């Protein structure tokens, strides 16, 4: 009856429908709060269900796979769903005040359409994390893309439209590539369900083609360097909560799918060279993104480029979980660290990046511009926001105590354990460059203003939402035991060294 | 007696803090000085050997008195007391009076403390205290001269302190322990005994005015207020000697490498300083050089002790008498310079002053039956002996130094006489009993020094005890002829000098100009070699990297690449390439 | 800048272009070869789920495999696709800067011929749509086709200047747009509440439910198509976006 | 469940006193000057009391430990051992004094909530560094310290201050990252290790000498930034731009001590001194430290700005700790450890004085301070004491450190160290004594800022004077009473003995 897995998708969809049908000012807040509450409740139930009774699976439409579509929840899905839930609801809290009190800053369309779009997006993110069907994943990816594009255009600015168009085209290219891969896989295996495909024999060239197409497509959607071109404009031109959603959550979805395929469908660990290549691209992203971020003069662009860099860390999981040509796992004994570290990086990045974009939203609102040079005196004017930006920055830099640190610790451990010390150098340099742009940002905040400036007041809730996310990004670094145990459930990473 | 020990150190220290407040007048300050010096003097006169542990202090301190330090305490205490009293009068109108007495008493604390210290930690501590506090005395009269003298003084002193510290560290590390009682034997047993000996010798030598580290002395003594010069030259200079006596491995083992050097330096100093001093015109400078010369005689004695350990007990006894009588006499002479200024223009007083000065000078020169003669005789007796080349040298040296001493002190007397005749530098302050009494005491003390300290109530070492030799007629003759010769030499040179065109005076500080030259040359050479400039030494490479990144905002390359990646043809090509590369990597 | 520089630059650009063409061509060729090779290597013989889908057809409530896949086996996918359409409308609304059509003026020209044609075609189109919807049960057809045909009717009304959707209220349009998505949603919730698998159609009533859902989906799809035509930017330029800005942004 | 064990909770409580105060301070009204001052003072006092309680408990044989598992092999561990008590006591005591000083110093300036908030956080981190029980916990607080200090360095908000902050943050973060790699690498090799007197690595690793040497080098590179070993010291003179209490804290207690303390920890509690000596990693480190000592002093010579001169002096003095730590032997280890304390009190005195002079007279340059002692005798006296301490003249604390390091190195057969000590002392004298001379014996200048800073004022404000006098007295008493059973020296000796026991 109470099927938390289904409700994780249904609850936001119901909310989206209601929000679409009743866009008026009166209904907006109750609907939004209700939808967030219901979704969170579902997420909570799902979490406790998986935590207590292991991985879950359900068939839709009464047809078991291969005919029907299956939903499956293991530790990794739950991890991502919880991440989406926590980050999403806090962004939602921000949006509630952003789109009501800041009436002069927003267009009517924004206020009316944000909630239906965001709730659909949320539902389909959960759908992806729960889906066990590669075609269904494709459809959900499409929903996400379209919702994201619509959200970007909400701000109504010309630049946003251009960015959204570029995003749309890039995302479609990725989706199509993925779809081709799905077709090849279906033709090879005659099934679409992840589990069924995983159980079958490996096939030759078609599967190679399928992997190449799907991986590239998904990497494009994740904005892996050098296919990140669409991300900075799209993420920086959107409104603050939208930027937060895109940077914190949306890019993680396609990465999640890639990871599922890597472990579940393609026996990725056998592809050592591919792992190294993906890791190299990730490293290039770390360096390149950080370099670009250092060169930005506007806050949101800086944060967007930072996302390009941070995504790079995620791709280090591929070389770290690969088998050497000789057959043994490169990081034998440290796989747990590698997988947990990357998952944790996704989490802490989501929290921190959302906090930063929301903070940037406050800055933009108060200062009317997000040029770094205009942020003088911010540490006095907006102490809470400055603090939030700084704390989120700490997590991004990977400084202790923070989620970013925990993730970095685990990844570096795994890399050294695997003898792949070169990633460590990349992480080191990347961390320093991150510090460079974080402090580039904070520097202006600490310089006293030359002359008093007229500023718009910022209300407390939006500042607190940013702060809460930032604090969370730090707090998650204090306890990794439970995430460790959660990620083992259902054995999402089949090569996990179980304790 | 333990209380006296405590008081001897604490009273000057407390006194120094007391006079720092401006409410204590000059007279009272003088009394404070006298009272503060009294316990030390009493200890010197009456104390028997004792030790007192102060375990919580420094490295675990011990204080005490032994026969050697008793002798030093006697003349040191007397000098400080006399000069303190004397200062009470001369400092009456000085605006920086309280600072003067502060440093005076602080130096006194250091001086007594180091004499009473029975462990190297405390010794070093009080030695440093005395050194730094005396700086305040040297520069008391502001102006270019004292400032330069102060700088030279402090540089040389720190050099000495450091050498001393190094010597102590080596010695303690080699197992000598910090206790004075076992220190010298420990040094003697150390594998690097010669190095330690050299470090200690030169480290303490700065204070003792040993050649070639004496250069501060002729500069500093003349510029300090006269009573301060008296203690500097009479008492503090002996701190170095005291250090040698208690810390060098004298009487334990020979130091064949270092001893000849010490003797040579001593000989050089004994003659060189006297000759150089005779060329000076300022009476206090002349006295300073005389001090260097006299100390050099003692250096020779130390060298002799280093060469022949078995003769050391005898040398020690003689050295103590020598130091005592020199201390008194030099104090008297310095105070005499001041007294002369006050006596100038008053015939009666002038004559009396001249007599006093002559008496003190003769003491130093070793005219019988004054204390100096006894000191010299016992020194000669102690050093001379079979298989002792250095002793022979000493025996030969002593009459020769007497000649030189006579020359240099004769010059001093002549300069003083001249000055008093011309009323040059006549002081406005009238000579009072408060001033005369200390001076007279010192003068008489100098004459009677040998008897004052003898016979020691206890043996100084386990070795045979030196006795105060009685002066026979032959001795008297032997002591007198060098003086006569000296007077003759002086007369001839003065006559010769009068006929020659007047030459510029030799600069005080002799070797100092050499050192200055050398150091300047080094600095200049260092500049010439153009090491990377200090600005570049910062090695601030990190901000440099950062700057270059941030400044590359202007550079187009990165921006162009990023922009190119945004164009669809490039993006599409990249996409296709990646697909192919991935596929190729799996296949291959 | 001298003419010489300009020439140089032009030459360089041309050379670059050539390089790009060669690279892209080579890449595309390689990709094509890869795909061809992959396809050639595909396993032969009957694979896939076609047979099984056909085998279970009896329990689906419809007689045509495609409709069965769309609305029974994989109705979840279809639901999400309907969601995509709804999102497309929302995106259009977002671009328009408002979610309502009240300010959409009908086309100014009232061509008599067009009006006549409209009057003739609208009923036919509606009829066709109904037929297609019904046809889906046995043959290729169904909600998507029907919805598109019906949407074409809406477009015709628009072209002929006849007031249609733009005259009914904002809320009504929203309901029309969302009703397809809602149908699936209700089905999903209802099946869960009824204790079935989500979106499981009881074999007995499957056909009816599918028809109902399809009908509602058709309405939504048709409305969506019509609204897309009506609210297309270009009918009148959306307020916020000036062409110049767009071009400028595109260049950077 | 047993009743709440105070040996467990008192450690986080010690951290919490300053942490909570720090956070709470952010939420005060800017105008609540008195409340802020009292709150901070009270917290500092409470902390002192707690530390005293811990010390008492520790010396009566109790063990204090708080362990909290963050993840597999990744424990957050707070623990009191003798070594940590040393730095804890120093930080706590000096925090109290510096807070008192800061209240007077910062009176009337802006952003005081931020200032005092981060000030307290800084101390939290510093104590955390002291009581961290393993490398990871150490690292957590080490980086926390970096971050908490940044707002203090840039406090003035001028372009120059912010540029200094950038330099500071780049150096320290780079160092932190490098250290991080070292720690992780060691962890990969040995698994989780807690600090253990005598070292643990030797027992856990059979033979990875090259790797262990590399790890050691990496960790020293990382720690060397905060310990300001040449050539990693560049941030320290630049960070001088911070307000005086911050510089005082930075130089005496918090940042630089974290680095030096880390070096001691790694050598003694991770590698073990004997094992380090076997690996042959100590001599290179000693050479670097020696170069730093000389170089810092040489650079200090040329500085006219007082705080800059003091900064270079810190560069030099701090390496005594490193140098002493690298020489195996009870004496030199004792010297190294006790210098941790001694350098703290002496340097903080000097910075207190520099700050007081700046705030009272508006002077920052050495060349301006001629004759200053007539205006501010007490301040100048304190400065003089501090300066003599730095030179190592007895009976100040500095002498005791130098003596022990010197004797220890001679005992270990490393006589060259003594030469370094001597040269350094000479240079110290060369750059400190001229200041002292011109203060006391120089011609008095017309004080330009007399009018603006209150004409007729002769001395610094009491809240500036009291801490200064206390630390100056400590600088003397720690030396004079060195052999007392409660002296830092004795404590250091006890600690040093524990470090050698397990060999």
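For clarity, chains are labelled A, B, C and D in written order, and residue numbers in each chain start from 1.
The rule is simple: contacts are C-beta pairs under 8 Å (C-beta built on N, C-alpha and C of every residue); 3 or more make two chains touch, one makes a residue touch a chain.
Just so it is clear, the model here is predicted, and its values are computed rather than measured.
J.: Please tell me whether A-B or A-C has the greater number of C-beta pairs in contact.
T.: Looking at A-B and A-C side by side, A-C shows more C-beta contacts.
J.: From the Cα centroids, identify the chain that ends up most central relative to all protein Cα atoms.
T.: D
J.: What is the distance in Å between the mean C-alpha positions of chain A and chain B?
T.: For chain A versus chain B, the centre distance works out to 78 Å.
J.: If you average the CA atoms of chain A and of chain C, how far apart do the two points sit, in angstrom?
T.: The mean C-alpha positions of chain A and chain C differ by 28 Å.
J.: Once you find the CA centre of chain B and the CA centre of chain D, what distance in Å lies between them?
T.: Taking the mean C-alpha position of each chain, the two centres sit 37 Å apart.
J.: Once you find the CA centre of chain C and the CA centre of chain D, what distance in Å lies between them?
T.: Result: the chain centres lie 69 Å from each other.
J.: Give me the residue numbers in chain B that touch at least two other chains, ranges are fine.
T.: Answer for chain B, listing residues that touch two or more other chains: 546, 572, 579-580, 583.
J.: Scan chain C for residues touching two or more other chains and write them down.
T.: Within chain C, residues 34 contact more than one other chain.
J.: Listing for chain D: what residues touch at least two other chains?
T.: Those would be 166, 170, 174.
J.: In the complex, go through chain D and note every residue touching chain A.
T.: It is residues 26, 69-72, 74, 76, 110-111, 114, 136, 139-140, 143-144, 146-147, 150-151, 154, 157-159, 161-162, 165-166, 169-170, 173-174, 176-178, 180-181, 184-185, 187-188 of chain D that touch chain A.
J.: Flag every residue of chain D that touches chain B in the complex, lowest number first.
T.: Its residues touching chain B are 166-167, 170-171, 174, 230-231, 234, 237-238, 295, 299, 302, 388, 391-395, 399-400, 402-403, 406-408, 410-411, 415, 418-419, 422, 425-426, 429, 433, 437, 440-441, 443, 479-485, 487.
J.: Please give the residue numbers of chain C that touch chain A in the complex, ascending.
T.: Checking each residue of chain C against chain A gives 34-35, 37-39, 41-43, 47-49, 52-53, 56, 72-77, 80-81, 83-84, 86-88, 90-91, 93-99, 171, 174-175, 177-178, 181-182, 185, 188-189, 192-193, 195-201, 240-242, 245-246, 249-250.
J.: Given the complex with chain C, which residues does chain A contribute to the contact?
T.: Within the complex, chain A touches chain C at residues 1, 3, 6, 10, 13-14, 17, 20-21, 23, 58-63, 66-69, 107-110, 112-113, 116-117, 120, 124, 127, 135-136, 139-140, 142-143, 146-147, 149-151, 153-154, 156-159, 161-163, 180, 184, 186-191, 203-206, 208-210, 212.
J.: Which residues of chain A touch chain D in the complex?
T.: For this pair, the touching residues of chain A are 334, 336-337, 340, 377, 379-380, 383, 387, 390, 394, 397, 399-401, 405-406, 408-410, 412-413, 416-417, 424, 428, 431-432, 435-436, 439, 442-443, 446-448, 477-481, 484, 499.
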